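Dropping a structure here in structure tokens format, bear with me for questions.
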Amino acid sequence: MSTPVPVPVIQLAQALTVLVAAPGVSGVIARVESRLQGRRGTRVLQPYYDLGKLFRKEALAPDGASWVFLVAPLGAMACYLTVPLLIPVLTTFPLPLGYLGDILGGGFVLALASFAVAVAAAETGSPYAQLGASRAKTFGAITEPVVLFVVFTVALVTGTDLPYALAETVRSSAEQIVRPAHLLGAAALLLVILAETGRIPVETHTGTTEFGMIEQARPFEHSGPYFAMLSWGSAMKQLILFTILINVFIAPWGLAASPGAGDVAVAVVALVGKCIVLGVLIAVIDNSFAKLRLFKITEFVAAAFLLAVLAVFTLYFGGG
Amino acid sequence: MSVVLVLLTTLPLLSVLAALPARVRISETVTLCTALAGLGLAIVLVPAVVREPVRFGILRADALSVVFLLGTTFLYAATAVYSIGYLNAEREHPGFARYARRFHIGLNLFAWSMMCAPLMDGLALLWIAVEITTVVSALLVALDDTDNAAEAAWKYVLLASAGLGIGLLATIVMYYAGSTVLGSSYDVAFAPLLTAGSTLPHTAVQLAFVLAVVGFGTKVGLFPVHTWLPDAHSEAPTPVSAMLSGSLLAVSFYAVLRYYQVASGTLGPGFPRTVLLVFGVLTLLLAALYLLEQRDLKRLLAYSSVEHMGILTIGIGLGAPLAFAGVLLHVIAHAAAKGNAFFGAGVLVRKYGTKDTGTIRSCLDTLPWTAPLLLFAILALSAMPPFGLFRSEFQIVAGGLAGAHDTVTVVLVVLVTLAFLGLSVATTRMLFVRGGADLPVRGEPSAWMVAPMVAGLLVLIVLGVHPPADFSDLLARGVAELGGGT
Amino acid sequence: MNVLAADPAAVAPPGVYAGVANGLAVLVLLTEFAMLRTTLLRAQVRVYAAQSLLVSLLAVVVAVVRDVPELYALAGLSLALKVIVVPWLVLRMLRAAGTEIAGSGALGVASEVLLAVAVAAFGFFATGRFHVTSPALPETALALSVAVILVAFVLMIVRRDVVSQAIGFFSLENGVSLASLVVAAGMPLILEVAFLFDLLVAVVVFGVLMQVHHRRSESLSTRNLTKLRE
């Protein structure tokens, strides 16, 4: 047991970990992806360099765009820094601000970020940015029921809907892990994350054809530091979603059980490691399937919905 | 007596073997002999089962099974005779030998499976036998190899198999119900189930009964899963249609009856009767309405079968002993009457080359024997005296009134009258209305096709006027087995 | 830090055995949904094989944990029949027919899935009313098997080609097998074998009729099966 770290510092460390690690995790995934496709790929640290370059560039705004266009990236960033305070990023025990919001609350904050970006995109008058924004909102609306049912599952399993409580329940015994409701809920969440992070089969992550774009098209008109913040934000969103899936649902191990400095350091490393493993898995999925046509995305979401609904069903007889 | 049971379940298989080599005459003869022997053996069983159930290994015959066995074997025999005439006309076609071989193999297998079903001791074996009747008859429906036959066979096999899937679920749930009392090594035989009676878990038996009514009801032709029935009946070769309508539906109804027996033993009669009444009335209503506007002769008769299955179901639902007796009599009389009607329709279709009731005219002029016989068959189906169906429906109605089911009984009478209207209008038009420029030449296609109709008519009259004493005893015993009087 | 203590309102976990068994049953239901979604006939047959494999696997799990040795034989037989023979027969027929893609169903895929979810929910909650409990498997597995059966019906209704409809029937039988594992695990082996044999006969007849259909209409679609109406 090393020297204890003050709890507010850990709280801050959660947000900082996400902030700092997010571009790195994206870099690793991009690297693995290019290797899977037989390319050499960029350096793992490339996203940091990109961000650095973008921050040094001047910012331009389209004619007629109002202050919302410029504030939105900041707002989104703020949202992405708030969510890590609510979820178990580094510790098994709830930190004081963990009670600010439950899973649903975290979801709302994420949705707010997405809303801000969409409004900014709508400000531009660029057809592609608006297309991306409206699509993102449409598919966001149909993934919403899935998320709700996952939340119901969590609520039924733990009796609360605090993410810390579910992580604790999963850790408590093997029978909590094999129960179908838990597995189904986790699978549904994985599908939602694929959709939300713009992965195949919903969207080509690195594609350049605007017609198939959803998430990627939204920051088309932003530039310089604003574009940097949007990219950084989407990397953070990815890491946050990964963290929720890993630390709440599928592998809530390796977290700091006490506020010791060593424990927290281990937890940071463990989190990054686990997220990279998940990222590699997603990269493999990305390379194994074809992108769905835009109108087939509802089928993908229907599959996720099915899993989430079944999770709630199986809980009905206490058999889930 | 056990040797009779064994013979009944093996003879048709032997005639299947005889039909394998392609000699048509031989297989016709063997089929005929087997069928007549089967009828004889079934009659021999009557006095025995009136005393007590006959058992041998997995075979078991009580009064209830013999009633259905009689219907099946009678129709089997009549069909065997009729088929000789039916096939005669095809003799010139290329590929006749192949067709005839398939026909005989199929017909005998079909008859075998339907004779086995009532003789099986246990719900699981019963399900297996009924499933075999389905697959064999599906192949027979497709025998004519036309587009329509292929369509009808596909719809039939799909719907009936799906229904029987539900029937299997019913069997399994019933096994579960039985195993909670009788231990897990028990094989769903009837006697222990009936003895266990009210000690069985109620909800499970309830579930099993409803599943059985829906599942086997698909094959009985109960609403709303009757849709395969008119297609299959109208597209199958006529002898097969007759057996489908007269026996297959009855055999499936027998399965429902067995579940009723167990369910009413466990739950008391209230619940199962209500379920049957609901399904029966809806079925009858639907059939009566369809009968009014049916122009295809064989489909007309098919809907009449749906109607009669509705009557049977209502009869059990009414629950009075008199109604039970009526139902059992109805099973046999319906087999004879519907057999006759299909036989007659087959001759008409042969003669005129169409199934359209709007085109067929002046039958009384062209078919001196078949036309009156068909008329009598239709009258019998409409429950006119002095035929057997009059007696049976009268008993059902009387039972309903006695059992304080006035409303249902009135509905029954009204709907049966409606059905009578539909049937008789279509038939009288074909028989009595003269016209049509190019009528076929006067004369019967084959005496073989007339003979079974005469026999059927005799049976109908005997059943209607004065059933033999042994037969009445059989029915009385069957009523007792169904729990009549409680 | 009381929030982390087990909440009385929470649904207690079913235990490792029941959880695994239910998980397998859930997978059976999911494969049923997968059949509803697949458009390639070949893939559909493979999904059916996978589903049968899951049912056999569940039989083995029950046999091991509940010590019912007959179930090993049953699992082996159903493996041979439903995972190997039946898919092989259907695939051979498909090769002969030369058709790859099923015509689209009567509904869009997403609406099909939603309809099936609704139907499955009905079956699930209806089963709950009957309180059929069994020593072999938890009640949830029974409810899931009923859901499988109902979704198989949806499959048979909305799909418009003979192969999908036949697969729908076969998978309906898988659902019944699942149910029989729950409530009738101790059923005499001879009966189970007879059921399987019966299935084989049905498969052969389905195959024959599918071939008849294909020969007559030059396709596997049932869209043109509309002559017999009224």
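For the reader, a short list of remarks on this structure follows.
Chains here go by letter, A, B and C, matching the order in which they are written, and residues are numbered from 1 within each.
Just so it is clear, a contact is a pair of C-beta atoms (placed from the backbone, for glycine too) under 8 Å apart; a residue touches a chain by one contact, two chains touch by 3 or more.
On a predicted model such as this, the values are computed, not experimentally measured, just so you know.
Under the touch definition stated at the top, chain B and chain C share no contacting partner at all.
Comparing each chain's Cα centroid with the centroid of every protein Cα atom identifies chain C as the most central.
Centroid to centroid, with C-alpha atoms defining each point, chain B and chain C lie 32 Å apart. Chain geometry summary: the mean Cα position of chain A and that of chain B are 65 Å apart.
Computed centre separation for the pair chain A/chain C is 35 angstrom, with centres defined by C-alpha atoms.
By the touch rule above, chain A contacts chain C in their complex via residues 93-94, 156-160, 162, 164-165, 168-169, 172-176, 178-181, 183-184, 296, 298-299, 301-303, 305-307, 309-310, 313-320.
Across the interface of their complex, chain A is touched by residues 1, 3-4, 6-16, 18-20, 22-23, 25-26, 29-30, 33, 37, 109-110, 113-114, 117, 120-121, 124-125, 128, 138-141, 143-144, 147 of chain C. Residues 129-132, 134, 149, 153, 156, 162, 165-166, 168-169, 172-173, 175-176, 179-180, 183-188, 190-191, 194-195, 198, 201-202, 205-206, 208-210, 212-213, 216-217, 222, 225, 227-228, 230 of chain C are the ones touching chain B in the complex.
Listed in rising order, the residues of chain B touching chain C in the complex are 124-125, 128, 131-132, 134-135, 138-139, 142, 145-148, 150-155, 157-158, 161-162, 165-166, 168-169, 172-173, 175-176, 179, 184-185, 187-188, 201, 203-204, 206-207, 230-231, 234-235, 290, 294, 296, 299.
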